[in-house]
Amino acid sequence: MSITPTKQPVIPRIKKETIRKLLRRGERIDGRRFEEYRPIKAYINVVPKAEGSALVRLGNTIVMTGVKLEVGTPFPDRPGEGVLQVNAEFVPLASPTFEPGPPDEFAIEAARVVDRCLREPKAVKLDELVIIPGKKVWLVFNDIYLLDHDGNIIDAGMMSSMLALNNARIPSIVSIEGDNIVIDKKVKEKPLGINVNVVAVTIGLIDEYILVDPTLEEELVLDSKITIGIDENNRVVGIQKTGMRGIKPSTLENIVDIALKKGVELHRVLGEVLNNPQQYSKTLAEIMK
Amino acid sequence: MSITPTKQPVIPRIKKETIRKLLRRGERIDGRRFEEYRPIKAYINVVPKAEGSALVRLGNTIVMTGVKLEVGTPFPDRPGEGVLQVNAEFVPLASPTFEPGPPDEFAIEAARVVDRCLREPKAVKLDELVIIPGKKVWLVFNDIYLLDHDGNIIDAGMMSSMLALNNARIPSIVSIEGDNIVIDKKVKEKPLGINVNVVAVTIGLIDEYILVDPTLEEELVLDSKITIGIDENNRVVGIQKTGMRGIKPSTLENIVDIALKKGVELHRVLGEVLNNPQQYSKTLAEIMK
Amino acid sequence: MSITPTKQPVIPRIKKETIRKLLRRGERIDGRRFEEYRPIKAYINVVPKAEGSALVRLGNTIVMTGVKLEVGTPFPDRPGEGVLQVNAEFVPLASPTFEPGPPDEFAIEAARVVDRCLREPKAVKLDELVIIPGKKVWLVFNDIYLLDHDGNIIDAGMMSSMLALNNARIPSIVSIEGDNIVIDKKVKEKPLGINVNVVAVTIGLIDEYILVDPTLEEELVLDSKITIGIDENNRVVGIQKTGMRGIKPSTLENIVDIALKKGVELHRVLGEVLNNPQQYSKTLAEIMK
Amino acid sequence: MFEKPVLIREDGLRHDGRRPDELRPIKMEVGVLYNADGSAYVEYGGTKVLAAVYGPREVHPRHLALPDRALIRCRYHMAPFSTSDRKSPAPSRREIELSKVIREALESLVFTDLYPRTTIDVFIEVLQADGGTRTAGLTAASLALADAGVPMRDLVAGVAVGKVGGVLVLDIDEVEDEFGEADMPIGYAASIDEIVLLQLNGVLTREEFIEGIRLAKKGAETIYKMMKETLHRKYLKVLEEV
Amino acid sequence: MFEKPVLIREDGLRHDGRRPDELRPIKMEVGVLYNADGSAYVEYGGTKVLAAVYGPREVHPRHLALPDRALIRCRYHMAPFSTSDRKSPAPSRREIELSKVIREALESLVFTDLYPRTTIDVFIEVLQADGGTRTAGLTAASLALADAGVPMRDLVAGVAVGKVGGVLVLDIDEVEDEFGEADMPIGYAASIDEIVLLQLNGVLTREEFIEGIRLAKKGAETIYKMMKETLHRKYLKVLEEV
Amino acid sequence: MFEKPVLIREDGLRHDGRRPDELRPIKMEVGVLYNADGSAYVEYGGTKVLAAVYGPREVHPRHLALPDRALIRCRYHMAPFSTSDRKSPAPSRREIELSKVIREALESLVFTDLYPRTTIDVFIEVLQADGGTRTAGLTAASLALADAGVPMRDLVAGVAVGKVGGVLVLDIDEVEDEFGEADMPIGYAASIDEIVLLQLNGVLTREEFIEGIRLAKKGAETIYKMMKETLHRKYLKVLEEV
């Protein structure tokens, strides 16, 4: 059962008024322009023991994604494909309002939005992940791990997922005897095949204002929020509206155009990392300094 | 752990007294005679996508049952039989006192009583449900779904289950290769075999009075309740006493005789529907009008 | 998440002072010497339907262990071994502070400490439990069942487990066809093989005092507690420190020497039972008298 | 497993004979349950949904209550027999997500500040699923709220637009959802011209997205009219009975 | 898997040599646990059950307490090693149902209105299961309540009647339960002549049912007498110790 | 499955070239998270751990609060991608046990009586596991508490001693843990000379145990010094920034 959230941090009324007053003057509380992302720092291969990994800092928000590959059985109606499973954990380390426990509706929603943005444009080459057709395939676990929450989790989670999947290498298969498959995770072979890269652009709405990449402080006063998945061909590959206010259809066109524009920007960031993997392969110790 | 219920709707003392006063005059609060059922309306095939379905209105109580058939493995100690699983959901839509969540002890009890009344007289021909002996059989899921709760859930649930099972058709098997069985749920073949029909008769006890088919209002003031399963051969096929008072052994004989008499009546209702399936096949839109 | 316990029985301050005052005089509240165990009574085969069973009374603490053997699959990385699973239930019957529900951190800890003390010295001959290598092995379920809690659960649980495992008999295998194995639990064949026997010695620390086998009353005022597993060759096979105070390294040497000394004593008790199985095979009715 | 059916026939009609901008047969009824404070039954073709509203009523446990407004609690749930393969009755991740987006859609319309310290509970049960269950569920929830007399800024009509065989179509069914290229459910409150639910599973160009929204609005307006009529009919019936 | 054993032998006796109306060897003991406020150990042949009572005591959380009476909380639970195949320690649907019917049986006997705002907790642990575990458990719970000094209208004795090989028999064991035609557990409070627990799994004619009740009453009366003696013995022992 | 590697080479060094009493390369950093009141990142070779502290803060629900001291709540948790085979995110029995022993270790050091009716929450996330995760986690938790300004009697450094190939070695990694004979994790508060965490998985003689404690103390003292330096560095940095 979904319940009106009651445990969210309380933003004092006066703070809300400040945020609004600034917006009327064309300013955001952290000084950004309305359509400006916070600084993005992205790193890959941050936990080399995982088959793939990445960490993205979006302002103060930190999201890690680890990709694990296991041998398993395909879905009965998809005997010729591997299985992609996207999961998100909002661990209590990341925010004073998070509690330990199974993923709540916010974490489940985040995982499902990222999942759809990967699944619909067939971002991952699942057809290359078959070991024994109909019987044994690679299961790809994409675990999004939120480490510090300062708003806009989905855009950071989408980017860290996309980077981790690009970073993933398939373990070596040592032997196949009947259905018994022995793998060696220490030896990684060819990369996981990627068909197309995807980013997510989240836009906040408050009064008549449109804010790209809202911070947590902004999220708590927004009327609503809309996340738009965009692939490298500029196609819309997923949408999720959230929040407790409606949107005028007339503003949607505006929103999608802003999203497409910012999508190009995010794809540029993604491309920079993917084209210079060694430069952006950092250890956690370096990142945490 | 079973706990004395504390969340049941409170019946004001004065209402209790009214109910009792009327009983002393030989009357029930809704005007029925002591041994009289509320009007029963029964429909089959109400959700045609299910393999079988039925809906029963017993006064204001509405219970639906859907039957689904899936391919699965038999119990190790019953390699030559299909598997029948009876489940009951008391969804929060049905009553102001129900909460979302897994079935509580009342829902579990209802499901288990219906299950026993079907299982003990071998109501369903489980031996006809074998696909590959010892390996693959049909699993019959009988899901009782309470939509509106005004008392006597079990009698309505038993009847909707019996009708839904009679209404069920086994899906077509497209191919069997080894243990791999392909079925087509869109093509339904022969009906699920039924050995014997069963009804349940629930009787409430308060002071020295015996009330057939108690309403929710009555249930809340009863001393105890007894449900008796009766097959079409007038045999007793299951009993469950509930409630927080004892019963004199001497009144049990009386109770079982009333139950057997009412059982004949219910079997007549059941027979009417089963013998005129087209007349009683209604869409939900017609029923809900 | 582990939380500072808040529901433990409250020991009045005055009682704590009494315990301490007595200790300063060299006395324990129940009159024992510091290094003295309470009377131990141990019985085997107390529930003959289980493959093995034992009951241990340690003062007022009563712990039963039942061993069940089932056919199952080995761990993929241990194809040549059976599987030992140790579980502990602190059922609410045993203490006014226990609630029904899945094992809490105390029960899980107890089970895992016993498990380690059995696993590390290879107490059970798991390699004799293979039926079809890599496919079918015996699963050994060692269920520790606390019936009355007056402190020092682990020592009693360890001893009842060790006795129950020694008491266990492997059921007869009637037939093996492919992977399909038929067993007959009514016919028990050779005993479960034991490599080495293990006991656990628990020592409580309060101020500068070292108390062997603390009662519940003592446990509630202890600074910390340390459990040491000791095999019949006087080797240390497991350690768990618990409680909310630290221990000086210099006292550890003292503690381990006391534990080794008491270990010999417990092994003597164990040996007495194992060498005279008929004398110590008692029915529950006899034990409960 | 099974072959992909022809989604757009040579005559431009859909696999079930509908025009691209044609809704399935829609039926709706309010006040269908005895216990609920408000209830509605809604059918979009083979999709059959029941919704019930309880409240405004007390919150348990009380400390969850909000001092300045009503809580909305919402559960979208599928009956185990509603789907082709039996659905486990435990809530799936999908059901948890849909409960959230439906709740948020309703939050934008209900005047929750009229009922501080209470909860308004909305329960949606999918009895048969054939595509568009969340949108039919949203329509039913909106009707049930109106039937319960809960004050709202507007009604909301749910409908999904899909892209199948390269064509944008209205109110997709299960086959079109499974084999099509996109499914875009929306919830549209026609009088106040607000989109209160919007999701997209699938791939669309910018132009298709904008055209899709237009098509969805058109469908939602038709459903919205039916909702008004259904409530009017009920209201007249009640008046006649008085 | 295994062949059905001969349940009624040619000499009219049962598979274990008992007459149809013969109980298994029954043992009972009260005050067997140190912590519990009341406790009992009960054995019906191979069925071995322990019961403990805590209370009347405070309810947590407090808002669950009833202002005019005590709650009864009851758990019937099987040890994982009590059954032929190991039982998962998580409560099964069967255990949940049996906890309820045993609780209701006890509610009919305990003077709960003497202890408002408290709870009386009854925990039953089946240590070895060989048929009749719920009835032995009910007997043990009743003894444990008496041992705890909880005022009751009467004691209750549990016993099951079965139909095996066409014959009505008393106090069936596991083999008779598994291969027989019916199992009818009852709880009977002899002094007040009330049946407080009654279930039937199986098929009986009207006449068999009535005869079965008669047979169960007879068995329960014997057990009831043993219960009185057991409590008396304990009482004397306590007196002697004083 | 795989063959046992050579744990102690002919030259007396370990499989990764370390001497028996040599720690892995250790890195630590405090104040690494934005939201947490205190945080730390700690690396022992391939083991990478993050810890965060929230509090002292209000307890929910309030009735759990203690009138005379702060609660400590502690969770040791492994990220699903931290292990060779993916770990289910649900807490395992192992994680539950380790959360408890780490909590108890911290309870012995924090001045909890300074903050009655509050909770101090410690969250440890293992991001990559290569042996010694609980000891690295304890070190990180201790640093995060210091970073949060929670008053403590002392810092604690965690380190594991192992027995591999018959030799006692310091700070074992995963290979040594898996194929070695014993793993003895300890938590040592050097200034007050107290062992606050102590476990042993494996088999040791009395002498080996005592020698193991000595070796662990030595390793912990080195780590303890690094912790002090790390906090000092942070303190200076903060001072410089002011």
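Here the chain labels run A, B, C, D, E and F in written order, and each chain numbers its own residues starting at 1.
We take it that a residue touches a chain if its C-beta (ideal position, glycine included) is under 8 Å from a C-beta of that chain, and two chains touch if they have at least 3 such contacts.
Bear in mind the structure is a predicted one, so any value in this text is a computation, not a measurement.
Engineer: Starting from the Cα centroid of chain E, hunt down the chain whose centroid lies farthest away.
Structural biologist: A
Engineer: With chain centres defined as mean CA positions, report which chain is farthest from chain B.
Structural biologist: F
Engineer: Using mean CA coordinates as chain centres, what's the gap between chain A and chain D in Å?
Structural biologist: 28
Engineer: So the centre of each chain is just the mean of its C-alpha atoms; given that, what is the distance between chain B and chain C in Å?
Structural biologist: Taking the mean C-alpha position of each chain, the two centres sit 47 Å apart.
Engineer: Express in whole angstrom the distance between the two chain centres, defined as the mean CA positions of chain D and chain F.
Structural biologist: 51
Engineer: Using the touch rule from the top of the page, what residues of chain F touch 2 or more other chains?
Structural biologist: Each of 1, 75 in chain F touches at least two other chains.
Engineer: For chain B, which residues are shared contacts with two or more other chains?
Structural biologist: 1, 100
Engineer: Mind listing the chain A positions that touch chain F in their complex?
Structural biologist: Within the complex, chain A contacts chain F at residues 47-50, 53, 60, 62, 64, 66-68, 70, 87, 89, 91-96, 100, 102-103, 141, 143, 145, 147-150, 182, 184-185, 284-285, 288-289.
Engineer: Inside the complex, what are the residues of chain A that reach chain D?
Structural biologist: 1-4, 6, 76-77, 105, 108-109, 111-112, 116, 120-121, 224, 226, 231, 234-249, 252-253, 256-257, 260
Engineer: List the residues on chain E that touch chain B in their complex, please.
Structural biologist: Within the complex, chain E contacts chain B at residues 1, 64, 66, 69, 71-75, 93-94, 96-97, 99-104, 107-109, 112, 182, 184, 188-189, 192-206, 209-210, 213, 217.
Engineer: Going by the contact rule set out above, which residues of chain E touch chain C in the complex?
Structural biologist: Residues 1-2, 27, 29, 32-36, 39, 41, 43, 46, 48, 50-52, 54, 57, 75, 77, 79-86, 89-91, 121, 123, 125, 127-130.
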